[in-house]
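Two complexes are shown next, each including chain A; its partner changes from chain B in the first to chain C in the second.
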Partner chain A sequence: MKYDKVFTYLIKTTCTIAPSMAEPFIFPKIHSFPPLYTKQPNLTVQEKQLESWSDLILNYCQHYRVTSLSQAGLPLTSQNSQLKLDQLPSIFENKSIDRQVNDEFKSIIFKYLVNKLHKAEYINVKKKDEGIFVWWKPLLEWASCLYNHMNDTGQTGTVFTIFELTSSNELGLPESLRNIDSSVMIRILRSMVKQGRTQLIMEDGEIGGVKFI
Partner chain B sequence: MLLRYNREAYLELGRLINERQSSQLSTQLSVLQSAIVNFSVDHRETIRVNSEFRTKFTRLCQQVGIDPVALLIHSLGAGISDGVDKPQEYYTILLLRIVEVCQETRAMNGGLISLKELRSQLNTTSGTSVLELKVTDNDVTKCIEVLKELGNGYEIMQSNNSSWLRFSSITGGSSKDGGISVDQRNIYEMCLFTGGFVTYRLLHDNYGWDVTRCATIIEEMIMEGLLWLDTQGLKGEWQYWEPSWISN
Partner chain C sequence: MSYISVWKPISVNQSNRPVLETDEHDIYVRDGVGIYQGKSKILERQDGRIYLTNRRIIYFDNKVNSNSCCVYLTEISHGEPIGRFLRSSPKVKLYLRKGTIESSNNNNNNNNISNNINNDNNNVSTSSPSPPPPLSSTSSLSSLTLKPTKVTWTCQICSYNNADYFTGSQLDTGAVKLKCASCGIPPSIPYIRRFLVAPTQTSNADQVTDRQPSLEVNSSGSSSNLKSSKNTIECPRCTFINHSSLTTCEICGSYLLQTASLELKTNSIVAPSSSSQTASVDIELEDGIEAYTNNKAYIKVSFRKGGGEIEFNNLVNTAIEDIKWDELTKRGGVNENAVKLNQQQKPLVSTGKAVRAGISGLEVKNELTRKTNEIVLQDSLYDLDLLMFKFEDIMKISESFKPLLKQNSLVITNRRFSTNSIIPELNTSKKSNIFHQELSRHLSEYLDSYELVKQTSMITTQDLFANYNRYLTMSQGFGTELISALDFNKAISMFDTLHLPIMVKKYERSGLLVVVRRSEGLHDNFIALVRKFLALHQQLLASNFIEEEIADEEEELRGGTSVIKHARGCNIKEISEEFSWSYNITIEEMERCIQSGTVIVDQHISGTFYFVNDIW
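Take a look at the complex of A and B:
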């Protein structure tokens, strides 16, 4: 009878399918188009250009499960602990055609991702140079996958530390929820507080414990 | 320990079940889709004549993920070999689709698309791999002839053994007569030659244009989305790229 419950849970969690992460990301052809690296003067074209950059960034981050980028566009955190982040191919520079995006245009692209598409968020709204969270999976979806897992496995009501949620796998998290960087996890948890699904226990200004309700 | 082992095993089992179910479902879906494609060819007359039937059939197509317009093009053209005239309706509907593709890709290519790219766009927009259209260059050419009768704005260009469809926007823009000017054509030819771009220097050295002439035509083409600016050329020279490069 107990297994029946496990079964229903298994079939319900579509969150468990993990993509393969070893292959290098294949950049679209437009990444080799030299003018992509110059902000276009024609505004209609520029809009299209910003869309292309956004698609590229989202696909890239999803591929490597990168959850945040620095202001310069370098990966800050990834769920894939085997990746060497500083060795990933560069997003904003293409050495083979000797082109790169300048800082001004980078921040315009990020602004587009954040304000127009709502697929990214500044890590610190007051200090935009700290970089962005990239939500190739919407924040709400992260939250509900995590909550459903805790609920389905009967782990609501227990207090966990951020460390337990991010670094160990005592909680039996599906692969898609494992190894989330603590900065990203805290962002997810805060969104769940608003939904009334989580309580945070504060200690000296930091999160000491998390309880799913 | 045992619990952990069980959990892993069940996770694996669950994944397998998910995978199998989803692959069975997608097989069933493609069987249904091919049945609908065949049906549309066998009964194309009924579908054409009976409007109530057609409405229901169209709704069914949409529900199982087949683009009804693509299906119509397929059924009207089925079994007629290239070079032989197809029903007038075939061209009319295909024409509609060509205009759609042109409008959709305009922001990206500025209104110039190679026939090869256009055909591949037309042939793959059906929504399912079961239905692959086989639109030919002949078909496209016929359609463009009809379009021309409806007014200027669409024109086939030949350059370096490849054919291109050039279209100006419905709202006009600055190409007054809707066609391409001689200067624009020269720029396109230079782009094909260099592999995608022109510079003031190239235009000056090859066509003898002075700076003003270069600036006027390039400015105009940038505003129409026909050229993209690149400020990082060799030694910082500005290059102007022709955007259909991306899709070719």
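Take a look at the complex of A and C:
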């Protein structure tokens, strides 16, 4: 009896998901645990609670390939262009148990991600409410991936525009590197400059072109 | 002869107060008291409290509870205060009623049943003549003649049973003029003397036979009959042997039940709560020998802290009088509904102007009495009518209050007031210096039976104060004097010094004071207890919800079949009910739990919920 129901349900769900849409993110059990949404007064417990939140956010972002989140916890950019960002399930809210994280606690969680785990960065350090980049893949890894690809395909020494790197598909970038948001790409490129792997050609205070060395 | 057996053991409750019998209540309490048997101190009973109740005088030892003992007021004839003299503290001398001791010793003896009946018949009222100790018959006789005794004598003319109070000496000097109440013929003095002496010496078989000629029915061998069958009662008047179930004598119609019940009563008084306690207390005297001045047995209560002996003495005497009066009413010796009419009657009779002689005079007199009767009856009927009207009014008023009352009583049952036994009320005056101690003990008793119903129970002092005062008005009516906060605080601070089973605990953070049961280690265990309770609660909810989930497949698959998903924590109210804490205590305890990391919070607009910390 029970299996019948499960089966019919499976058919239903597979049909409703648009082919373009990725699999929905399955939230872990803890997402339905009410105390998760309240900042715990006990500091040691709170530390662990923040860990839980960080894991959740990183997993969520990785799943949807979301690269940045707004202060409210809504995805700002994603590599997956077919995703409708405003239709993604919200991280900080669980309607089935009627709980959501308040703004104060959200900023604490972000602070933890940025300062403690170094898995995120503020988009604008001076204006923290603009949101964060979420490095579910570390920045250095992004950089080395990109450089390796350029190196392997013999495109070092060529000058590209940011637009070419992010939006066009002429470079033959692998799936994982495609469609990165320009602001995110600039962060990646800046980190590569420090390693001496790229040169940025500045035009009127903006990046006009990039040369991989 | 030893009178130590007047001391009986008592039972003591947890709060170090004596357990009172039904219908018994405190009249007076005093601290710093020692007791004496005759001239000498009773060892190990020199520092205690004395409780005077309407039944007993209880000595309650301050050091060793088991040393506490009591004397029934029925054993005491009267008290006499002795003032402070140099270094000796004021005392109250309580004279023992000798007869009761003797009869209590003989109670089990079948041979003496008939004597007892005779005795009881005579000694129910005031001082009773005791069966004389064999050594000093003269002294007993003298004591006999000293006190007026109730003597029942049968008129030789009309054989009516008269009862009069007089002594032998009064009879001799002619101070009392006896007259038969029925026919008015005075009896001869030697004849009366027989009755005066006979009941006192009935321990002799000869005396019984001596008495028989004066009685109409000759029941030779009645005593032997009595020996053989316990189920018969000998009539105290005519000696006819009646069946035990009869209340009145079949021959002469005098009451039988009284003697029987009276005997029962003395039995029950002598051995209270028979099985559990042995009837005697082991008492050692300081001097080793019992000695009494003036050959009268007595005990003494010494007020070490001074003062109060006169008050105590007065109270003892009134208590004894009350007991006597009660006994009298029980016997039906009091004309209960009688009304004094003399004020109305007298003027009417006197206004009968010149009381004429002869038949006309008698007629006028008759007329007058008839009139007075008429007036009285009319008045009383009118009053009765008025009373009925008032009664109806009162019923209407009470009807109008009913809705209010009902709610109240509901509240009360919720507050578990009605469940337990009633605590005897506190009867110490506020001025007495033992008041705070007693209040403290009473509080402890109250807590024990109403508030701290569970081992984990706690109550804040504020709540206790309110509830206790509420309880006072509930149990003693609205006229009760409430306990002031000052007295309350003093009483609370004494829990430790009085070694009561409760203690005051203070929460460091908020300064909240709570009252808890004194038990080792429990209070550190609260965290574990709370954790256990929460876990259980969550499991319960989870198992309920899993069933629902199976029915609701959509839910099941979206969130995964998670147990946590539907878990709902406990709120303050649920936890409070579980542990019977008041809310602010629960909040305090939960904060401690959170501090220790065993419990986590979920704050929501619908309330704050607590969960076991299994995850973090």
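Here are some notes:
Operating definition for what follows: the second predicted complex is superposed on the first by the 192 of 213 C-alpha atoms of A that agree within 3 Å, B and C clash if a C-alpha of one lies under 4 Å from a C-alpha of the other, contacts with A are read in each partner's own complex, and residues count from 1 in each chain.
The working rule: a residue touches a chain if its C-beta (ideal position, glycine included) is under 8 Å from a C-beta of that chain, and two chains touch if they have at least 3 such contacts.
From a predicted model like this one, the values you see are computed outputs, not experimental measurements.
Applying the stated contact rule after C-alpha superposition, one finds that A:Lys116 touches neither chain B nor chain C. Of the two partner chains, chain C is the only one touched by A:Ile26; chain B is not. In the superposed pair of complexes, A:Lys127 makes contact with neither chain B nor chain C. Of the two partner chains, chain C is the only one that A:Ser96 touches; chain B does not reach it.
When both complexes are overlaid on chain A, the residue A:Gly172 reaches chain B alone and has no touch with chain C.
Taken together, the two structures place residues 6, 10, 13, 29-30, 33-35, 37-38, 40-42, 44-45, 48, 98-99 of chain A in contact with chain B in one case and with chain C in the other. Considering their complex, residues 4, 7, 10-11, 13-15, 17-18, 107-108, 110, 197, 222-223, 225, 228-233, 239, 241, 243, 245-247 of chain B touch chain A.
Across the complex, chain A meets chain C through its residues 2, 5-6, 8-10, 13, 26-27, 29-30, 32-35, 37-38, 40-42, 44-45, 48-49, 52, 96-99.
Against chain A, the residues of chain C that register as touching in their complex are 550, 553-560, 562-569, 594-597, 600-604, 609, 611, 613, 615-616. Residues 3, 6-7, 10-11, 13-14, 16-17, 29-30, 33-35, 37-38, 40-42, 44-45, 47-48, 98-100, 172, 174 of chain A are the ones touching chain B in the complex.
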